[in-house]
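Presented below is the structure to which this report refers.
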Amino acid sequence: MMHYGVRLPFATRWNDNDQYGHLNNTVYYEAMDTAINTWMMGNGGLDPQGDAIALCAASSCEFRASASFPEPLEVGIGIERLGTTSITWALGILRPGQEGPIAVGRFVHVFVGAADRTPTPIPAGIRSVIERDLLG
Amino acid sequence: MMHYGVRLPFATRWNDNDQYGHLNNTVYYEAMDTAINTWMMGNGGLDPQGDAIALCAASSCEFRASASFPEPLEVGIGIERLGTTSITWALGILRPGQEGPIAVGRFVHVFVGAADRTPTPIPAGIRSVIERDLLG
Amino acid sequence: MMHYGVRLPFATRWNDNDQYGHLNNTVYYEAMDTAINTWMMGNGGLDPQGDAIALCAASSCEFRASASFPEPLEVGIGIERLGTTSITWALGILRPGQEGPIAVGRFVHVFVGAADRTPTPIPAGIRSVIERDLLG
Amino acid sequence: MMHYGVRLPFATRWNDNDQYGHLNNTVYYEAMDTAINTWMMGNGGLDPQGDAIALCAASSCEFRASASFPEPLEVGIGIERLGTTSITWALGILRPGQEGPIAVGRFVHVFVGAADRTPTPIPAGIRSVIERDLLG
């Protein structure tokens, strides 16, 4: 089982539940996107108004069990691959206090120049905290 | 009954329905926001990357009947007040072919400088199409 | 200034920010809807699968200052009017540790039978905690 | 290049654009989910209140080019695998009049009983239109 180096809280919302009474599948992508951006901004110095921004090149998710508002969830963050200009995140949607994820996802971020949108190296601050906290 | 000078289509989405099986109330605000921005961009020359942008200062909605995905809806656009730097839109969520709205809303837009975010006059192109198409 | 009897946390998400770089106006309605449903479910025994459910009959919001992901927010809950079958909530979007709200809203809930969707009295458990915690 | 047997319109919304000024990645999942449910409901007799419902077991998307509100998009629908209780949809997000998708996705639906949420055969009406329109 994947061990996630970081776990962040994710609060569900009333309108996250769809007409089947559980979290709509798109909410899991919001959770993954929110968790990795929060962590890069808070720990790695990512500035969404800065020169290098991270765009989603690919993502996927496997849904193993359902969840519903108002239960609180967590996002586990790991690294599948750390490249020169891209990061492949390994992510889990988890219930607090449990190890087995209810959903397992992958998110590929490519860093690009904010202006020209062509690939640019992962900023040093982000690479550094990934190596320390997620690969260490 | 309010007559709307312009009616634009609004397509519903699977995840717009909440656990009560109808459109969540927030979707009506997405509909109103989308309709007036679409119309200002397509007819009045609004450029979201330009010098003057429109921010929402207040909004409200009264919900008279419910609707559900996948039914198509429309947004009726009218003007309640045209000021120097602000527009108060009168909006209706309508079923195609029907006059009586299922929801009636109001949206106050204030134009501000994109950089300093202080009030600036409504761009001439937008004022002009409002006067011609909605107040004419 | 309104004093809110209850304050609940509201976590922002990456995709809450729109192209103007701040929380889209619809997010404030998600926040208000989430806070009052969370509170009614957790404190007043509201069961979304039960016989009596709360539908939004009207809502409004006045936006005084902008906020952006990833900042954490709070929703202050108060009561403007407690009727027989309806509740008018007085709501504030707040920054943690601050008294003055960045947005002030109102939400009218009407209780209806889940099956027939006609008005029904506010469940006793909900009325009771409102009287104790918000009107006491 | 994949040929999609069906193409359905997908209208973008103001708040679909995130702070990078383009459609947030989660919107593509909303588009795919909306298109296949719209098509199953309109053409295959799927009833979300019925005995057999379709849950998302897995999904993925590869993002090749960005798009922005207010441009209209389309979703191309194809079939990768038609099982006994599950459907693997092959999906493309397309610009009207163009063959090459800006995003390519996959969606695995598993049919389950609405009450017990255990796998159940794909309803005959849905299987039939898939065979006729998408595999014919």
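Going in written order, the chains are labelled A, B, C and D, and every chain counts its residues from 1.
In this text, a residue touches a chain if its C-beta (ideal position, glycine included) is under 8 Å from a C-beta of that chain, and two chains touch if they have at least 3 such contacts.
What you are looking at is a predicted structure, and each value in this text was computed from that prediction instead of being measured.
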Original post:
Counting C-beta pairs in contact, which comes out ahead: B-D or A-B?
Top reply: B-D
**OP:** Mind checking the centre-to-centre distance between chain A and chain D? Centres are C-alpha means, answer in whole Å.
**Re:** 23
Subject >> Inter-centroid spacing, chain D versus chain B (mean Cα positions, whole Å) >> reply: 28
Subject >> For chain A paired with chain B, centre-to-centre distance based on mean C-alpha positions, whole Å >> reply: 33
Subject >> Contacts with two or more other chains, residues of chain D listed in rising order >> reply: 14-15, 19-21, 24, 26, 30, 33, 48
Original post:
When you draw the chains as points and link the ones that touch, which shape shows up: line, ring, star, complete, or other?
Top reply: complete
Original post:
Mind pulling up the chain C residues that touch chain B in the complex?
Top reply: 19-20, 24-26, 29-30, 33, 48, 53, 55-63, 66
**OP:** Going by the contact rule at the top, pick out the chain B residues touching chain D in the complex.
**Re:** 9-11, 13-15, 21, 30, 33-34, 37-38, 41-42, 48-49, 69-70
**OP:** Going by the contact rule at the top, pick out the chain A residues touching chain B in the complex.
**Re:** 14-15, 17-21, 24, 26
